[in-house]
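Sharing a structure, written as structure tokens. Questions coming.
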Amino acid sequence: MTALAALFVRDVRLAIRVGGGGGIGVLFFLIVVTLMPFAIGPDLALLGRIGPAILWLGALLASLLTLDRLLAMDQEDGSLDLMLTGRSPLELAVAAKALAHWLTTGLPLVIAAPLLGLFLNLDLGSSGAVALTLLAGTPALTFIGLIGAALSVTLRRGGLLLAVLVMPLTVPVLIFGVAASNAALVGPLPFGTPFTILCALTLISIVVGTFAAATALRHGME
Amino acid sequence: MPIIDLANPTRFLRFAERALPWLAGLTLLAFAAGLNLTLGAPDDYQQGATVKIMFIHVPSAWLGMGIWALMTIAALGTLVWRHPLADVAAKAAAPVGAAFTLLCLVTGSLWGRPMWGAYWVWDARLTSVLVLFLMYLGVMALWRTVDDPARAGRAAAILTLVGAINLPIIKFSVDWWNTLHQPASVLRLAGPSIHPSILIPLLAMTLAFVLLFLALHLAAMRNEILRRRVRSLMMMQAQTAPGSGS
Amino acid sequence: MRLLGTQLVCVRGGRQVFAGLDFDVGAGEALVVTGRNGAGKSSLLRMIAGFVRTAGGLLELRHGDPELTLPEQAHYLGHQDALKPSLSVAENLDFWARYLGAEAPGRDGLEAVGLGAVAALPAAYLSAGQRRRLSIARLVAVQRPLWLLDEPTSALDRAAQETLAGLMRAHLAGGGLIVAAAHGPIGLADTKELRLEEAP
Amino acid sequence: MNLGPHAPFIVAAYGIATFVIGALIAWVMLDHRAQLRALDDLELRGVTRRSDRAPEKTA
């Protein structure tokens, strides 16, 4: 267990020390949300109605774009090789990495969401609801993205390929995340139904993402 | 002391140590006077006491824009004149500029809430300031990402210059976008004609804010010079340890 | 303890790198793998470390720890340093020591390679030779019986080569095993040699 | 003094201004202390500047 704790601590420390971690993700989120009204128009009623969707799309793009470096950096400097000679299962090692990644990039997005809600004319209660769905849903995005990160590392192609591989897989999370937020805002569904499904999706993604990523790494290493 | 002498970092440090207490004291005095005048300023017949927010909102807005102008001059200093302190000045100014711009946004939003009924309205002025804030954050992210100050400095200088050219275009576009979507019914912040009873406290607060910026900037530049000294000493230490040559 | 390879076949990128390879390293022995570029020296080491799958043949570590797999008992020192520039020298070593399973991450690894004085510096400020020394410190910080060294002397100055040779001798004297890929001598007096010929 | 019906907003604006300015001052002072401590640490470990100062790396 100490080996995994060490890995987790190292990744958190790296994300804090090096620029380009969570801060850039939040900045990207902010810019996406700012750009939307320029395209849609400054109609506060309309913005308030589609606000949760904008926040969810922004968070989705921001968390996918930061995933690019999750495993690629460790591959470039040879750390990934050495991780295979560690005594903890590769599944747990990638899970520890993904958890550290979520903590440093996903959680800041969740915290920033209510603030950005103000720009979109969401009141505090609705912003809170969106933040709650993001809190439940962003781990799913990270762990689904983990699969893409592992695949793109073994194929030695990064960037857009990862996004293309991963985005279709995030569709269910997006559907139920926005559905839960809208249910909290306007109804008619009760908030609990889509939110429970969202939580279930996150749990499934954590399991599937971890095993798929570890399998991809094992088979793709050379 | 002629300005050319300050190009030498060590001499600049000595100057900063001597000037900072004076500057800090002067800033305090200016704030005391400014706040005092602010208290005495009359309420606006339309906006009531909320006009008091203007005394911090407008100076922050001016500083937010002014600091980018300063960074633009510093960027020219980096790229054209290769002044050794230019990128130090640019780097030290960015967080301070971002903070004042943020202050402008937050106070604008707090001013807008009673006036508009919403914390944020996509008003042309506020939106332009938001874009300016994003550009400050971009420059700061660039400084943070690149470890070597000389390389980061040149990249940040180019970005700053591009920003300086683009900001008027952005301002123009945002104005056009805004008028396209909503007729000019929104109450403008800071009306066109300002009565002296409001103008004088405003100018006093602006002076206080400018002095505050100068003090913060000087201190931040001093820190940056020290940071680079630490960095070069660390490199020297690595070079004197065994196995540095190969 | 004994590392045995029998009739090993390596295929990478559709090309057969080597086939029918046999070798045998006992406790306290060092095997130096030589051969031209592209003959598969690195591939063999990466195969033993478990990064490249065998296309045929058998690899086994006899009388090792039965609870652990072969890669889990091996140290791999490759061309890449696996160092993070923004972490300090000590933090880098501590992480690998803890991740690879050291009981108590100590500073003796750093002292052994002469980097004790720069422990607090970010690894970004190290030269290529110092980075290599820091990688070597990993071998000392965590006890593992099998060392897989890919051109261990590259980027090292003469003093560091001496240090490395001393560490290797101590490792062998303690019953350890070494498999090294090299073009020249690695500083050990008494070594076995495995010569790889390029497959036709 | 009467701030009218919107007093909370005015107080909040001045409060946030105080906070932001205070944060800037704290950042500058803490950063200064951290750099001085790093310099002291290095000097303690025997790293000294050549002559009386290091040549500026940015030139």
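The first chain written gets the first letter, and so on, giving A, B, C and D; residue counts start at 1 in each chain.
By our rule, a contact is a pair of C-beta atoms (placed from the backbone, for glycine too) under 8 Å apart; a residue touches a chain by one contact, two chains touch by 3 or more.
Please read all numbers here as calculations on a predicted model, not as lab measurements.
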item	value
Closest chain to global C-alpha mean, per-chain Cα centroids	A
Contact-richer chain pair [B-D vs B-C]	B-D
Centre-of-Cα separation between subunit D and subunit C, whole angstrom	47
Rounded Å distance between subunit B and subunit D, as computed from the means of their C-alpha atoms	15
Centre-of-Cα separation between subunit C and subunit B, whole angstrom	53
Centre-of-Cα separation between subunit C and subunit A, whole angstrom	37
Shared-contact residues (touching 2 or more other chains) in subunit C	117
Multi-partner residues of subunit A (at least 2 other chains)	18
Shared interface positions of subunit B, touching two or more other chains	234, 237
Footprint of subunit D on subunit B - complex, ascending	9-10, 39, 43, 48-50, 52-53, 56-57, 60, 82, 84, 87-88, 95-96, 99, 102-103, 106-107, 110-111, 113-114, 149-150, 153, 212, 216, 219-220, 222-223, 226-234, 236-237, 240
Subunit A residues touching subunit C - in the complex, by the definition given at the top	2-3, 5-7, 10, 13-14, 17-18, 76-79, 81-88, 221-222
Contacting residues of subunit C [partner subunit A, same complex]	12, 46, 49-52, 68, 71-72, 74-76, 78-84, 86-87, 91, 94-96, 98-101
List of subunit A residues in touch with subunit B within their complex	18-20, 23-24, 27, 30-31, 34, 37-38, 41-44, 118-119, 121
Contact set on subunit D toward subunit B in their complex	1-7, 9-10, 12-14, 16-17, 20-21, 23-25, 27-29, 31-32, 35-36, 38-39, 42, 45, 47, 49, 52-59
